[in-house]
Amino acid sequence: MGHNSFGNAFTVTTFGESHGPALGVIIDGVESGFKIDMEGLQAQMNRRRPGGNPTGTKRNEIDELSILSGVYEGYTTGTPIAMILYSTNQKSADYEHLKDVFRPGHADWTFYKKYGIRDIRGGGRSSGRETSARVAAGALAMQLLAKRGISIQGGTVQVGPIIARARNWDEADNVMRCPDRVAAQQMVDLIEQVRVENDSIGGIIECRVNGVPAGLGEPVFGKLQALLSHAVMSIGAVKGIQFGSGFASAFMRGSECNDQRTSNGFLSNHAGGILGGISSGQEIVLQAAIKPTSSISRAQQTINKNNETTTLVVEGRHDPCICPRAVVVVESMVAITLLDLYYTAFGRT
Amino acid sequence: MGHNSFGNAFTVTTFGESHGPALGVIIDGVESGFKIDMEGLQAQMNRRRPGGNPTGTKRNEIDELSILSGVYEGYTTGTPIAMILYSTNQKSADYEHLKDVFRPGHADWTFYKKYGIRDIRGGGRSSGRETSARVAAGALAMQLLAKRGISIQGGTVQVGPIIARARNWDEADNVMRCPDRVAAQQMVDLIEQVRVENDSIGGIIECRVNGVPAGLGEPVFGKLQALLSHAVMSIGAVKGIQFGSGFASAFMRGSECNDQRTSNGFLSNHAGGILGGISSGQEIVLQAAIKPTSSISRAQQTINKNNETTTLVVEGRHDPCICPRAVVVVESMVAITLLDLYYTAFGRT
Amino acid sequence: MGHNSFGNAFTVTTFGESHGPALGVIIDGVESGFKIDMEGLQAQMNRRRPGGNPTGTKRNEIDELSILSGVYEGYTTGTPIAMILYSTNQKSADYEHLKDVFRPGHADWTFYKKYGIRDIRGGGRSSGRETSARVAAGALAMQLLAKRGISIQGGTVQVGPIIARARNWDEADNVMRCPDRVAAQQMVDLIEQVRVENDSIGGIIECRVNGVPAGLGEPVFGKLQALLSHAVMSIGAVKGIQFGSGFASAFMRGSECNDQRTSNGFLSNHAGGILGGISSGQEIVLQAAIKPTSSISRAQQTINKNNETTTLVVEGRHDPCICPRAVVVVESMVAITLLDLYYTAFGRT
Amino acid sequence: MGHNSFGNAFTVTTFGESHGPALGVIIDGVESGFKIDMEGLQAQMNRRRPGGNPTGTKRNEIDELSILSGVYEGYTTGTPIAMILYSTNQKSADYEHLKDVFRPGHADWTFYKKYGIRDIRGGGRSSGRETSARVAAGALAMQLLAKRGISIQGGTVQVGPIIARARNWDEADNVMRCPDRVAAQQMVDLIEQVRVENDSIGGIIECRVNGVPAGLGEPVFGKLQALLSHAVMSIGAVKGIQFGSGFASAFMRGSECNDQRTSNGFLSNHAGGILGGISSGQEIVLQAAIKPTSSISRAQQTINKNNETTTLVVEGRHDPCICPRAVVVVESMVAITLLDLYYTAFGRT
């Protein structure tokens, strides 16, 4: 399988460069006879799009989905579904000043070393824009999971030093997608300050899944947490992932960390809903660490193609904090992984 | 590919249950003509084995490798290498008291729900003993990487509240494999205390890789950190993983987190040696969160097959802290992943 | 990997339905820095297109390639290449009379049984038109193989009772792509007669590959002939495949069939250039049996959705003999397979 | 996936060299809770073993299966099943005379070219003995298919010029496994004559599958005939495969070759039970061309490692006609493929 594909029973293949003619995704293995909610798909696309969130970039892009195959009269046919996002803006001129220099924190240099070619169009394949194709696939996966009673909810739970204490998910329709309304406003204020300072800031995204039956996940290397980690860690900005008590487990005793249970159910969920790589029927809880956006309009030291030290100010309008938009990408990768494992464990019906 | 296999160009397939007749691994894709250092293999096996570390279980097991194929007169032939660990102790009697009850924090219940069968022999396939087969494959991978100038060093850097401050890797040959000699002794003392209290404790393992050339890792879903996360998170006790600054990135500004560079090299390594999913040539640094051992000799609430609440004391001699032995498993999975990606990017020569 | 994908190191994923908005292919794993000969690609597309051959259908379709990704300023970048063929004719009206009836020899019924849905648009995914996406990928593979000195030549060597005796490949630029000019003319005459009789006819395609170095193919299940068979047998009209002496081997003695050799080289090529699943350096020779086109304008018995017997005359202009166009598809699948194995054995440089 | 593995939902990985310590197979993806008929497994092993058939080699080997994992108290557990065949005869001395010379028709030379190493132990990995591991996996697959009402029957239908006319499968328990008792005796006589002449002879194996429901097979590249071809063509001695009318289709008109049908069913089966890559519910019929055994005790020209022409007489007792034993291998590969596709299409229950 190529490295631009993910999943076995529900296989997603993405292609396309930022500022190329189009991005797209081929989705193979979808059950037949499912009526796609096209408005729902587009709504999820809009949650991720640039300009769709006041904390993000001011660039305004429309991610309009075109479906080229696999759907007949609104229903899936069982054949591969191709979804395309044509670019409305292919101007590479904006990037001309980056032609010979490598942006700090970006993939410019490693791609150049690996491929011996420099595609300067907005980061090419390593751009965050690539994730729009994943969101298209993830949105479909979420609909197919919803049919099975499985729901996925992501949100920002930390930005810099601001940490959400509450988990009121019905409050999470704020611009931060944060389940703590008070923290959300503090995050927004901090991000605005960071923007003014021409800087960026990191955060943590939490994702919760409800309705997963016991039995998802395939030992040994197909463990649920292993595949979810593969999926979420394939998002460029993610630098860490944890399940349940995660890194806090390092401080714990077994007598505290073990989830005891009675005939009425589990008494805690330190495991994050997974035991031995298989879903236990509890809520699945994971967190992803998001690094600060690499593109900042501050002078930074870097090198050019001749390995000469130089100073770079990255121009353009970038998200000071990627979290609110990355929430949608995390949800998408979680959805893709869960549907893949659901099909594997329980078939397509 | 089956879910008991990992890797594409260097493919590892494990089999076997704890207390079954044998565990083993099939390694496919190895270059031909490589002289295996059999003593080196066995030495790495010994680092993981029960009874090999004073902080661990007092059970004393020998993991002696038998090679059944793929090697001729000491050299690899290019055909699959089968390595087997025959069990010297298959007594299932010790586990008879667990027949109808599900141990907290274990995979007993999820395996039972998924497969409808209860293999009580020491946890069967979900036992930590399964990882011995991975260590065999990992030990070979480490030799093949060493030939290419790549070295992997893991160690315990946290146990409960004891956190290693130093990174003196030449001190790491202590029982904790901790790069901070003072912290190591504190860890040992704490673990002994935890053992006396019939409890267990978690920790953090760090793994560093030196000598990786720029260019390893395949965007988009084959990103180096994504595959390493898949690999390391497939170890049962691992609840989280992070690269470079990891979760600390959430607190950072871009101006701090971006790794600037001059013609003399990078000025920092917050990225942990990976940019855009591709190795940058810097040291690769990752950490894995290890939960406290689930098996403790304390009364815990759980249920039996009839969903009746019951109280269980898990008998037997278990590791109060799995970190020193898990270090070897983390190293192994890192080695397997890196060699797979090395073969993919640069071929077998 | 999804079932609409083929290949490991050079991975081809196709999508699209006949008479849907578009067909396409995503090609993953291509080396970077290769200058694509776009005219050459289009020329190969034209060899397969309907209306491009006097023996075929009179329908005239243009298969114009659009490249959406993976190419920058004419050179491959190492990222996935998406090639799209937009449909100029999406009229489904022509197929309205087939809505409730299953065409003999077609996949109508099995797709309906499998997917519970009937996409009547020209056979949907099972149409021969699906192969146009493979030809696009195959044309690129042929260019990448040519760079390595490997050339692929296919031709029609049998149509009904007319069997080519000669192998003058420099004569094969006739409409049958037949390496025997005399037989070619007889084939054309026979096909015209078949067309007048509203019937169709089968044939045999031969494909030869020169310049393959010894060493291609991966035992055991990745044997060169196994993967080539997988590839070629995935073409809908192919009912059999053989290598070298193939089915004639059944009549042979070992003393005749073994290819003896001297220091000057092999004395024969009954093996068809493959020994033990690995290329020997000799010419690779394979043949594929092509069934007569299923769509014929003659009354045939079949059933409808209510399992009632009915009589059907398939309308429209179909190829009485698919061989000349299928030659291009066979070449394409051979090229895709060889490049995949070449990358696997020798890397991308 | 490594090239020594086959199948996606039911994955078979083989290892081991002829005259190495053991051969074996890891079977991943088997449903849990299935009671294995161990005597049935061994019986199928015995059908393939050397010395088990009077037309074959006089070498007498026992292929006794050891199961190392995946089975608990006689039932499958859902974890990988490891089956091992330990060698009782590892004498490499017999092969000493072959050390520097390449046997005609064998993989000696291509393995040497590919791997740069010469494992002279009975052909190593390319020996027919490798197929014993496949037969073990195939025997299990046949039991799992039988539970679902699917039966597989292979037989020899041609040896040299002797062609079976009848298809009386209840007569097929003769030494040739030939469904024509009269032809079977002629085949036996011919093989004895060939043996006396120190030669070998080819043949054709037919395999029929009954009870397959409509719906098996996954378009486009996962077509039933494509995967069956991959599987069967991975057997070293097979030089061709055809389905239904196969190569005879080349002579046919569409009006003859199309399988018409009425409400009472199909009127013919030229397609061999597959339409558009999906099983139609008809009997699946395929034939495999078997080349004459390469090892013959006649002087043949070949080269040695110094590329000097030399003459070789292969010593030892080899099968003059491999067909009766290869029947079992073909059945096995067909069974493995069908179960893989069955699990994919219909799940494990």
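We just call them A, B, C and D in the order they show up, numbering each chain from 1.
By our rule, contacts are C-beta pairs under 8 Å (C-beta built on N, C-alpha and C of every residue); 3 or more make two chains touch, one makes a residue touch a chain.
Since this is a predicted model, take the numbers as computed values, not measurements.
Undergrad: Hey, what chains does chain A share as contacts with chain B?
TA: Intersection of chain A and chain B contact lists gives C, D.
Undergrad: By CA centroid distance, what chain is farthest from chain C?
TA: B
Undergrad: Can you work out the whole-Å distance between the CA centroids of chain C and chain D?
TA: 27
Undergrad: Distance from the CA centroid of chain A to that of chain D, rounded to the nearest Å?
TA: Spacing between the chain centres: roughly 46 Å.
Undergrad: Would you kindly tell me how far, in whole Å, the mean C-alpha position of chain C lies from that of chain A?
TA: Each chain's C-alpha centroid was found; their separation is 39 Å.
Undergrad: Tell me, which residues of chain D touch at least two other chains?
TA: Where chain D meets two or more other chains at a single residue, that happens at 1, 3-5, 8, 14, 79, 114, 125, 219.
Undergrad: Touch graph of the chains shown: is it line, ring, star, complete or other?
TA: Shape = complete; every chain linked to every other.
Undergrad: Contact residues on chain B for chain A in the complex?
TA: 1, 3-6, 8, 14, 104-107, 109-111, 113-114, 125-126, 130, 158-161, 194, 199-204, 214-215, 217-223, 225-227, 229-231, 233-234, 236, 239-264, 267, 270-272, 274-281, 289-296, 298, 300-303, 307-309, 345
Undergrad: Touching residues of chain A toward chain D in the complex: what are they?
TA: Residues 8, 79, 219, 346-347.
Undergrad: In the complex formed with chain C, which residues of chain A make contact?
TA: Contacts found on chain A: 1-5, 7-8, 11, 13-17, 20-24, 26, 28-29, 32-33, 66-70, 72, 75, 77-82, 84, 114-117, 119, 121, 124-125.
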